[in-house]
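Next up: the structures, one after another.
Each of the next two complexes has chain A plus one other chain: chain B in the first, chain C in the second.
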Partner chain A sequence: MLTNYIKIAWKVLLRHPFYTFITLFGISLTLTVLMVLTSFIDHIIGSHYPETNRDRSLYIEKMALRDSSRTSQNTGPMSFKFLTQYAKSLKTPEKVTITSFFRTSNAYAGSQKIKLNTKYTDAAFWEVMNFTFLEGKPYNDQNIRNGELVAVITDDFRRQYFSDLSEPVVGKDIEVESVHYKVIGVVKGSPPTRFFSYADIYFPYTVPKSNYEQDDIMGGYVAVILAKKASDRKAIQDEFQDKIRRIPLPGNRNGFKYAMLEVGCAPYLESVLSIFMEGGPQVKVIFYSVIAFLMLMLMGLPAINLVNVNVSRIMERSSEIGIRKAFGAPIRTLLMQFIVENIFITFIGGSIALLLTLITIYFINNSGWIAYADLTINLNVFLVSIGVCLIFGLLSGVAPALRMSKLSIVEALKS
Partner chain B sequence: MIRHLFRLIWNKKKAHALLMVEIWASFLVLFGLGSMIVFNVSNYVEPLGFSYERVWAVDFNNNQDTTAMQDKVNTILQRLKAYPEVESVSRMSSNYPFSTNTMNNGVDYKKRHVMSHFYTTDADFAQTLDMPLVAGRWYGKGDLGGKYKPVVINRKTQEALFLDENPLGKVFGDFRVVGVIDNFKAKGEFMTNAPAVFEMIEAKNTWDKIYLVKTKPGTDAMFEAKLVKEMSTMLVGWNVEVNPLVDSRKNQHNLTLVPVIIFLIICFFLLINVALGLFGVLNLSIAKRRSEIGLRRAIGATARQVSWQFVAEIWVLATFSLLFGLLFAVQFPIMHVFDLASGVYIGAIALAVAIIYGLVTLCALFPSRQAATIHPAVALHEE
Partner chain C sequence: MITLTNIEKVYRTSTIETLALNNINLHIGQGEFASIMGPSGCGKSTLLNIIGLLDAPSKGGISVGGQPVTSYSDQELARLRNQRLGFIFQSFHLINDLSVLDNVEIPLLYRKQISGTQRRQMAQEALERVGLSNRVKHFPKQLSGGQKQRVAIARAIVGRPEIILADEPTGNLDSVMGNEILSILQGLNTDGATIVMVTHDEAMAKKTHRLIRLFDGTMVGDTTLTLC
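For the complex of A and B:
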């Protein structure tokens, strides 16, 4: 039966190439936009190189100090000292790493300028993040204690800084802002969209200019906590907040008297959202409703378009419907047939969209728009896409099918 | 004629409802796109107000070194000025041109309130960025030490605070106005020309350590490397970072342009989609009305009149949907959503309406031509 429906659908498709084109264009365009979008969101929030442990990690990225009347506040990353005292000392996690957040610098190779993102980290950073070492090894606690001037660089920076790529660069000297460092390892770089691991060059936190000795509670450092398993995260959050509650309040920081001290310790998505969105829940609601409205418009428009074309075209098939009805096909069977046909067509559109998405993703990955971009269609993205295909097919199939089922036999057979 | 068209559409209201929803939705998408474009274009056409081509922002960070800061801050200035490659140097706060930092403060004068961008700069700022003054002069060393701090304001602040009064010498808060400049769009061409106040940097200020260095033509990265090397040797433990303003400007532009371009591409495909769909639906509906067309032709309507009828029908349909869409769109200027000027929304509405009419006309043109070629004898014979 199903093969029959599909055969009919195929014949209908071939009958009017122009309308087939309109239908498939709409479906594949919409699904491509959706698939690229899901793939992009997955690139941003999914667990990918080098943050492959993201699903069992917690992120401490921001502290907020507020005065008692809540009129003014200081927000930002924390100091190395604060994180050592409150995050590094946690009992439940497997590993805790402290690393600096956004820092930029420049290096000069001859007359060429290289823009740099730098990171000062502890040794645990290399265990929390799963970097692939192309050469050498990471720095360890020993290197850090001795205050050695060593650095781990990315392959991208190696290509820019060293003219001769044939020989290994481990042990060679690089100069950043008049300080000479010895290259100890080379890693495959991380995309800039992964804030906690992205940099061009990584230093132990004991090198000059890292400000780790700063005697303050706020500073330029964040922490990533790696739990033994994902379900431990709740216990870690509780343990951390319990420690934070014991900080004496009110306090005074450089003349700013604060009565409230909040430190977030949350899974990746939550902490990233809190970096970009300030200003309370109201702003979030507006932001999300605008996004939702836009998405609805972008997806709804092609759907309405498709329904429109389908409704207009259903009359083409009135004689077929009339005959089937006259021979006793119940409305339910006819409805099923049209919905199956529509889902079939949607899946053809879906396959085209998959192809288009692969091409788009290939271009995004190779355009250099995001360095080290690794957008992929993985299982999650694919499943979401299939789900969207089904919804889309049902959405555009139900209305025309209902319209048709109301047709009386006499009307249908008249033509 | 119009009444007749209304009746025709009313008779088929169920079939037309979907078409109207489609046009309505396209209008809203176009309205969103239009707002973005009109907003950015109207900002872009305003002059920038300063020149940045040969200027570098050199950012110093003292890290853990806190000794003799005032001396060091002045030494840096003298040292930078001494380079033969350097034309002029000015020290300012971290919200330097094209940076991502902003500093906003409310200022009041005679119960008039305005939120203004605050820039802390020194006496050489106008010279370094080639900023012409409209009235008065830029502040100098002699202006410090009085009861009021000297400030230069831009035209937007002047208009908001002083209306038609002469602002020179006027006092607001603990500031006294010494000069007025025209525009200052610090975030680049796409920034709204916002009110700005330039405050003079005080001797005790050692925390603002951005130095704007205007280089002579032909200066390259070799000098940049030399500058960074000498500065970081002179100041042990300090960070020195050079950002040519040209690069920072590109970053600021990308922040604005990338979302607009993505949105534009998606909208373009959506519109093609809608256009094809409309075209298909109109084609089908005209094919269904052959007998009606045949009858009209038989009783003397010209081909032109017939094709005009179909175009006019789709116009009436579009007008209905647009009126419905306008109900939504006018909420934006009325409720001041996103703090944009009403003019932007009105411009966007006009743009969206024009595009919708253009689109439906284009889609109706071909099917209506087809309709006009129908021969009355053939059409009536089929019936």
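For the complex of A and C:
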């Protein structure tokens, strides 16, 4: 029976190429946009290389100092010293790394100028982040204590800087801003959208110009805390805030008298959003609301279109319904037929969308638009989008079909 | 076979009430070939639709094979139509999206035990019976009126129903085509089918066994015809 319904559905679709096209176009375009968008969001906020531990990490990336009247404030990253004292000393986490945000710099391969980003990190950085080493190894605490001029570089930088790629580059020399470093390791690079891990060259924090000894509470460093398990994060946040509360207030930073000192220690999304927006954990709610609204709009317009097309498609077939009923089709069977038709077309649309999404993602990943882009299709998102489309398809198909099937046979045959 | 008792059909619109059928008592026996005649608007189609369980009367009872069906559900009525009745309409009512073969298969789709191969074979046989076995892949739009009506007859007989109901089956056809359709119906009747046909054509009615005359919703005549 089901194959019969599908056969009829297939024939109906083929006999109405225009409606079929409009419907399929609506469904597949909607689903494609939805899936590409979500895979993009997932690329930005999900746990991906090398930040695969995001779901059990906390980020300390911003400090805000305010005066008592709240009229002026200083906000920004913190000093190495501050983070060593308040973050590195935490007892609950498995690991804490202190790293600078990336800084732009230049290097020269022959006369060719290479624009690059550098980062100063501690040794724990290589344990909190999950980099793949293509050559060599990371620097360790010993290298750092000795103030060795070593560097970990990315494969991209290796290709740009070294002309001869036939032999390993570990042990070779690179020159950045007139300082010579020895390459100690080569990693597969991280996309620039993951700014806690992204850079072209990583230096131990004890190399020149890192400013790690700066005697200030603010500076150019952030910390990433790796909890033993995701559920430990609450306890870590409490332990951290407890330490922060003990900092004597008011304080004085280079003449700026502050009465309040706030440091966030939050999961990834919250933490990143707070860079752009003020307002604690609620920003996450706002973010998700905006996304949900966008998706609803994206789904809504084609859904209305789908309903319209379905209604006129079914109304046009009232005589067919009359005929089928006259020859013994029960209402239930006719409803099933329309439902199957809708499900069928939704699945065709879904398959087209899946294909289009794969193609789009392939092009994004290979266009170099985002270096090291690794967008993937999120299966959950795919299933949910198919589900939503199905619900719209059903609603838009069942309502007019129910109306039609209730129409008396004689009436249906007259039209 | 089919018995109508005290049938009344009233159409109500916001402005007027039409008494389309008034106190109709009628028994159609097995193997009969009956025709219904009367002026336009006298209730012929209404009567045929009620006999065929396509429409419900406002009052009165119907029984099929001695079984009253007045209280039947949609599903039970559908099954009855599917297994025991076949319809032929003046304007053919073929589904334009479907091929000739698929159109003829329709009644069989709603029978459970029939496989696809069986269905195709039965449809093919029915089309042979009406002389259209070479048109199975055509679509209704590619056929003449007479061919369409023959497809419609094939669809009506494909499930081998006991009763065939035809509402002016030749009304849209010329006399040659009309006679051809009539002779197909006569052949079916000879093979045992009960047929009730609405017609405007006195000559055609004369070729059936029984002539029922309607006027303004009332039965005004019921003659058994002896064939000459």
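Points to keep in mind about this one:
To be clear about the criterion, the second predicted complex is superposed on the first by the 334 of 415 C-alpha atoms of A that agree within 3 Å, B and C clash if a C-alpha of one lies under 4 Å from a C-alpha of the other, contacts with A are read in each partner's own complex, and residues count from 1 in each chain.
Assume contacts are C-beta pairs under 8 Å (C-beta built on N, C-alpha and C of every residue); 3 or more make two chains touch, one makes a residue touch a chain.
Every value quoted in this text rests on a predicted model; they were computed, and no experiment measured them.
Chain A has more of its residues touched by B than by the other of chain B and chain C. Once the two complexes are laid over each other on the shared chain, residue contacts for A:N211 go to chain B alone; chain C is not touched.
Touch criterion not met for A:R246: it reaches neither chain B nor chain C.
With both structures placed on the common chain, the touch criterion links A:K229 to neither chain B nor chain C. Once chain A of one complex is fitted onto chain A of the other, the partner contacts of A:R70 are absent, as it touches neither chain B nor chain C.
Shared-chain residue A:F18: touches chain B; no touch with chain C.
Of the residues of chain A, not a single one touches chain B in one of the two structures and chain C in the other. Across the complex, chain A meets chain B through its residues 18-19, 21-22, 25-26, 29, 33, 104-106, 108, 111-113, 177-179, 208-209, 211, 213-214, 294, 297-298, 300-302, 304-309, 311-313, 315. Residue ranges on chain C touching chain A, taken from their complex, read 49, 52, 54-55, 74-75, 78-79, 81-83, 86-87, 89, 93-95, 97-98, 102, 106-107, 109-111, 116, 155, 159. Chain B contributes residues 15, 18-19, 21-22, 25-26, 28-29, 32, 61, 63-64, 220-222, 224-225, 228-229, 232-233, 237-242, 266, 269-270, 272-274, 276-277, 279-281, 284-285, 288 to its touches with chain A in the complex. By the touch criterion stated above, chain A contacts chain C in their complex at residues 4, 11-12, 15-16, 319-320, 322-333, 408-410, 413.
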